[in-house]
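Two complexes, one shared chain (subunit A), two partners (subunit B, subunit C).
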Partner chain A sequence: MFKTILQVAYRNAYLRKSRALLLILMIGLSMGVMVSIEGLYDGMSMNMIDRTKRSDSGEISLYANKYRLEHVIKYRISDADKKVLALQKITGVTEALYRLEVDGLAQTARKSKPSILLGIDLDDEKKFGKFEEFLKEGELDFGKNSAFIGGGLAKKLKVKIGSKVIFTAQDSQNEIKSIALRIRAIIRSSNINFDERALYIPRGEAARFLSVKQNSATQIALRTDETHTPTLQTTLQAKYPKLSVYTFAQLYPQLQQMQTMMDVFNTITFMIVMIVVFIGILGVMYVSILDRIREFGILLSIGYAYRYIRYQIMIEALLLGLAGYFLGLFVGLLILSYLTYQGLDLTLFAEGMEAFGMSSVIYASIKSSYFISTLFAIIIASLLSVVLPLRKIKKLNPVEVIRSAG
Partner chain B sequence: MFKLALKNILYYKGRSVTTFLLTFISAFFFIVYVAFMDGSHSSMLKNALDVYTGSLQIYQKEYRDKGGYDYLIEENQKVFEILSDIEGIKAYSSRLETFGIASSKKHSAAMMLTGVDFSKEAKLSQLQKALQEGLYDSTGTCLYMGSELAKKLQLTIGDEVSFVGSAIDYSFVAELFKLCGTFKTGMYDFDRQSAFMNRPYFDTIFLSQNSSSYIVSMAEQMSDNDSIAHQISRDLPTDLRVYTWEELMKSMVELMKIDSLFGYISISLFFLVIFFVIMIYGFINVSTRIKEFGILKSIGLSDRDIDRLLFYEIFILTTGALMLATPLGSWLVYYFEIYPIVIPGMSEIYKEYGVVSDEVPTRFEPLTIIWNVLVVFFLNLLSILYPMFYVRSFTPVEAMRHV
Partner chain C sequence: MIQLKGVNKYFYQGEPREVHALRDIDLTIEKGEFSVISGTSGCGKTTLLNAIGVLDSISDGEIILDGKEIANLSAEAKTEIRLHEIGFVFQAYNLVPVLTAEENIGLIMRMQGFDDAQISQRVREIATLLQIDDKLDSLPNLLSGGQQQRVAVARAVASKPKIILADEPTANLDSSNSKALMNMMQTLNEKEGVTILFASHDNYVVESVRRIIRLDDGALVT
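On to the complex of A and B.
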């Protein structure tokens, strides 16, 4: 019996070809475009978050108490190397490193800009956040008295590879000191804090410049297994009471909020599109049933159970909805695959995007959740769309219907 | 034919109500969405321009590329004379920027020190309005410093600050100043790096009489800015160049273009779905009326007449919906332009992105509303093309026999 219902439903679903095709096109194209937009926006915010974590905070960062408030070298972490070793052994911590940072003034012969000097260990940075991927120009090799520079700062100072920059800052003894640096590489991490302000030098050299011990740090950053992050913060705070432990969300609330806003936006978009899709399916199903009301009357009068009609109509709606879904799946995967591998190239607006911490090529992300949630929504929309028409059939008086239609 | 279309609309209520509602929602949503998008962009730009940048700036041609004291404007007065002859300029002034290290007793920080004419700046920028503590229009060794910088140097009003930098002849400058006032514009980087002092005393220290890094000007009406820039360019000496705010704020302008692009991509999704639904309802309606069209054709109506009938139907429905959506949407947009939505704490969170206000205003721009409405109007008209084509595919006999 079920096989027969299925066959009848299939034939009826595609009986009015133009109508069915329009509906399938509507579901397919809107779903395809919707998941593409969802993937693109997700990709954009995830990319910003990922690059910020890799270039700076990781999932968790530790600072000396008061450092985040006053930003002076006086509040630094001592024995950072030992602390990093200890932290690396904690379950959930995948990578750890320490950095030394100081605010100062970067100057060329003609230009000056307030900036920061960041002492880093290149090998640690490569392990921690694939630092090599941030290289825009030059080579990642600290020679003697050389430095890397953030792309935005390089632009403001008008420096190129090989240019000389003087950095002046106050050291730990409150003395004003300067260091001459030759630029070896230009870095674009898509983290505005660094791209617009940072000069990178070897950590040891930064320690010497600031007259602090080699194992001093202003920040210890950790890459952690996301599931452990909330508990790790509490554990680490208890273990290191003299340090302040911050999660990424606390350090970059704007990026976290951006991600939340994207999620909210995507959810609202999803709901609106699905409501309109529901209206579309409802229209088609309602008219399709009205067209065949006499047919249903006859079926009921010869003893065909109402539940079979209900199954048949539900299957018809599902067949139309699913056909649209599969078209949408195809369109969505096609667009998302392109956007994931080729990206959306917005280099025309590169200056604006880079100045605000975005890559000029935006790559989409593909998550199975886009397609799973849409599948459920389309199934629900399809089934809901037949509720009203089915109520009409249920109230039918077969004799009257056959008479009036005849 | 128009009357027949009207009767059909009243008879086929399901299709009419759906089309009317969807058109109303899409037009209303589009007007409000674009107004909020444009409003937040304008607000960001306006804040940035009003705070300090001005609507145009005049530089020595090489200054922005190469920088430094070698490319200063050396005849301020001559440029002032040109500006004073041009109508539509609200205010203008010269600024001379220099960088150095400022130190309090315990702390040091990089600082951009700018020599300004405080009375002219009061008309030109928001510096006076941004006064947080102490004096704005100070004289002598007084500094008017960004609140974040003062906080970093742990300075209070009356404290001494030393500054090490260089004069415009590249000689060494080390001077002791006094903090007389602090300001907070909300532009985080600006408040963290900047300090101002009165031009006469600045000039004696930095030897910068009648010179400037640039001359800044503010147009009375932003819409006149380009023509003012054009007039200034015409009269300026050849070694000077005018930059409009679009050039000065290029990255922000680009970011806004990107934001608008994404906004339009998002809204195009709604249009796509709504377009299809209106087309489907139009098509369903037409396909249930094939017999009716067959009869109309058989009594002498041409395909063109049927097209006209269908066009009138969608035209009446769309126009009706737009006539309701447009004033309602416009009123809402106008209301929020005057009374912007306030999101407390927004400027603090997004300070690094140049957001200086918690207000999210709309922009009431009649021309924008007109094109928003026209887009919805033409999309609706487009949605009836396929149903028209479908009806045309039937001969009168086929249509009358259609089940």
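On to the complex of A and C.
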């Protein structure tokens, strides 16, 4: 019997070809656009999170106790090189490095801005976060007394490649010291903290400038396998009680919040599209059932059980919904593939986007969850859309239908 | 085989516009009968047929099919009775438009759980008898009115029900098709032993049957 029900449902679903095609197109296109928006939103937030991890925190960062509160060089990590070596051996840690950072004032002949001096090891940074990808202008080569500068800070100070900047800060002995630096590169990491404030110099030079040992650090950052992060935090905190261990989410709660907001946007978009799908299928099924009300009355009168009609209608709605889903899957994959590899170029709005820490080219992400959740939602929307039409059939009096048919 | 005892049917019971459609009907339909309920338009023929087919409820009385009272069963049980015990032929054919003639004829057997081979064999047997075996692959909209009605008869008879109730089956047919249909139904009655009860005021139907049950204003005329 199921074969017959399926046969009847299939033929009825596509009996009115233009109506069915319109509905399938509507579902397919709206789903395609919806998953593309989801992918772009996710891509945007994931890109920001990824760049922030690569340019700063990693998945986990360690600081000397009190450093995060006081932000003074007095609270620094000693023997950072040995600690990094030890940390690299821990399961789940994929990369580790240390940095030396100090707050101070950057100035040119005309302007001055509060900024930070960041002592880095270029090779370590390249391994840790593909630092070379952040280069906007100039070359990644520290010569003598040279520095890289964050794009935002360069703009504020109106400096270019080759310009000179004086950085002044208090060293570990509380002496006010200055260093003259020639700009070799402009960096755009999409991490506002650094783009708007940072001057990068070699870590050794930073140590000499601050009168601290070469293996001193203010931060040790780790790239970890995400699944290990929570347990690693606990393990490291126990192993290094004199250090404070933070996860990315603790260091950048606003980015986590942004991702939650993107999820909310995605959920709203998803719900709107599913309501459209629901109304679309409901409309088509309702009209189709009204067209065939006599047929159902006759079927009921010859002994066709109501449950068979229910299955038939549900299958009809599912066939339409699923056809739309597969079209949407194709359209969505097509758009997302393009946006994943080519990205959405918003160079026109680059300044505004970079001010928010976003790259001007947004790359989408593709997650199977977009398609799985949509599949379930379309199945549910299809099944819900037939509740009302089925109630109409349930109330049907076959005798009246036969009488009107005669 | 089918017994009606003191059957009454009221429409709008208790309201000023109350209609007493069936009045104290006592009737027995024996196995193998080829009968018609006849009478003027509005006398209650279809109402009586629908009551026998448990399509419509009755106000009081009993309808007994093979010793079992069927008028007061639940809706689901009545659906089962209609599926397994009774075949229907309607004035307007009422075939499923998306199924071929063959699928329409086999529909009730499929609902009853017969397998493909049994259905196919029976469908071909009945289609040959009703001379529509060359139309089995056609959809209803490609068949003439007479052919559609024969498919409807084949559908009703294929599952070998205890009784076939045919409500004005010739009303939409021209005289030659009416004659052909009645001849075929007579053949079915004789060859298959199917009990057939018509409701009709068509003279040709009335003249073709062996028993005429006359109704006047809802009451049997003796």
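Following the convention adopted for this analysis, the second predicted complex is superposed on the first by the 392 of 406 C-alpha atoms of A that agree within 3 Å, B and C clash if a C-alpha of one lies under 4 Å from a C-alpha of the other, contacts with A are read in each partner's own complex, and residues count from 1 in each chain.
One rule holds in what follows: contacts are C-beta pairs under 8 Å (C-beta built on N, C-alpha and C of every residue); 3 or more make two chains touch, one makes a residue touch a chain.
In this text the structure is predicted, and so the values were computed from the model without any measurement.
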| item | value |
| --- | --- |
| Touching partner for A:Ile161 - first (subunit B), second (subunit C), both, neither | neither |
| Touching partner for A:Ser301 - first (subunit B), second (subunit C), both, neither | second |
| Subunit B versus subunit C as contact partner of A:Leu25, first or second or both or neither | first |
| Which of subunit B and subunit C A:Leu375 touches, first, second, both or neither | neither |
| Broader residue contact with subunit A after superposition on the shared chain, subunit B or subunit C | B |
| Partner chain in contact with A:Pro398 - subunit B first, subunit C second, else both or neither | second |
| Subunit B versus subunit C as contact partner of A:Met46, first or second or both or neither | neither |
| Subunit B versus subunit C as contact partner of A:Thr4, first or second or both or neither | second |
| Which of subunit B and subunit C A:Leu15 touches, first, second, both or neither | second |
| Residues of subunit C defined as touching subunit A within the complex | 46, 50, 53, 55-56, 76, 79-84, 86-88, 90-92, 94, 96-99, 103, 107-108, 110-111, 113, 155-156, 167-168, 171 |
| Contact footprint of subunit C on subunit A as seen in their complex | 1, 4, 7-8, 11-12, 15, 294-295, 298-306, 308, 398-399, 402-403, 405-406 |
| Residue ranges of subunit A touching subunit B (in the complex, touch as defined) | 16, 18-19, 22-23, 25-26, 29-30, 33-34, 37, 41, 70-72, 103-105, 107, 109-115, 158, 168-170, 174, 176, 192-193, 253-254, 257, 265, 269, 272-273, 276-277, 279-280, 283-284, 286-287, 291, 346, 349, 351-356, 358 |
| Residue numbers on subunit B that touch subunit A, as the complex places them | 14, 18, 22, 65-70, 98-101, 103, 106-112, 152, 164, 192-193, 250-258, 262, 265-266, 268-270, 272-274, 276-277, 279-281, 283-284, 287-288, 349-350, 352-353, 386, 390 |
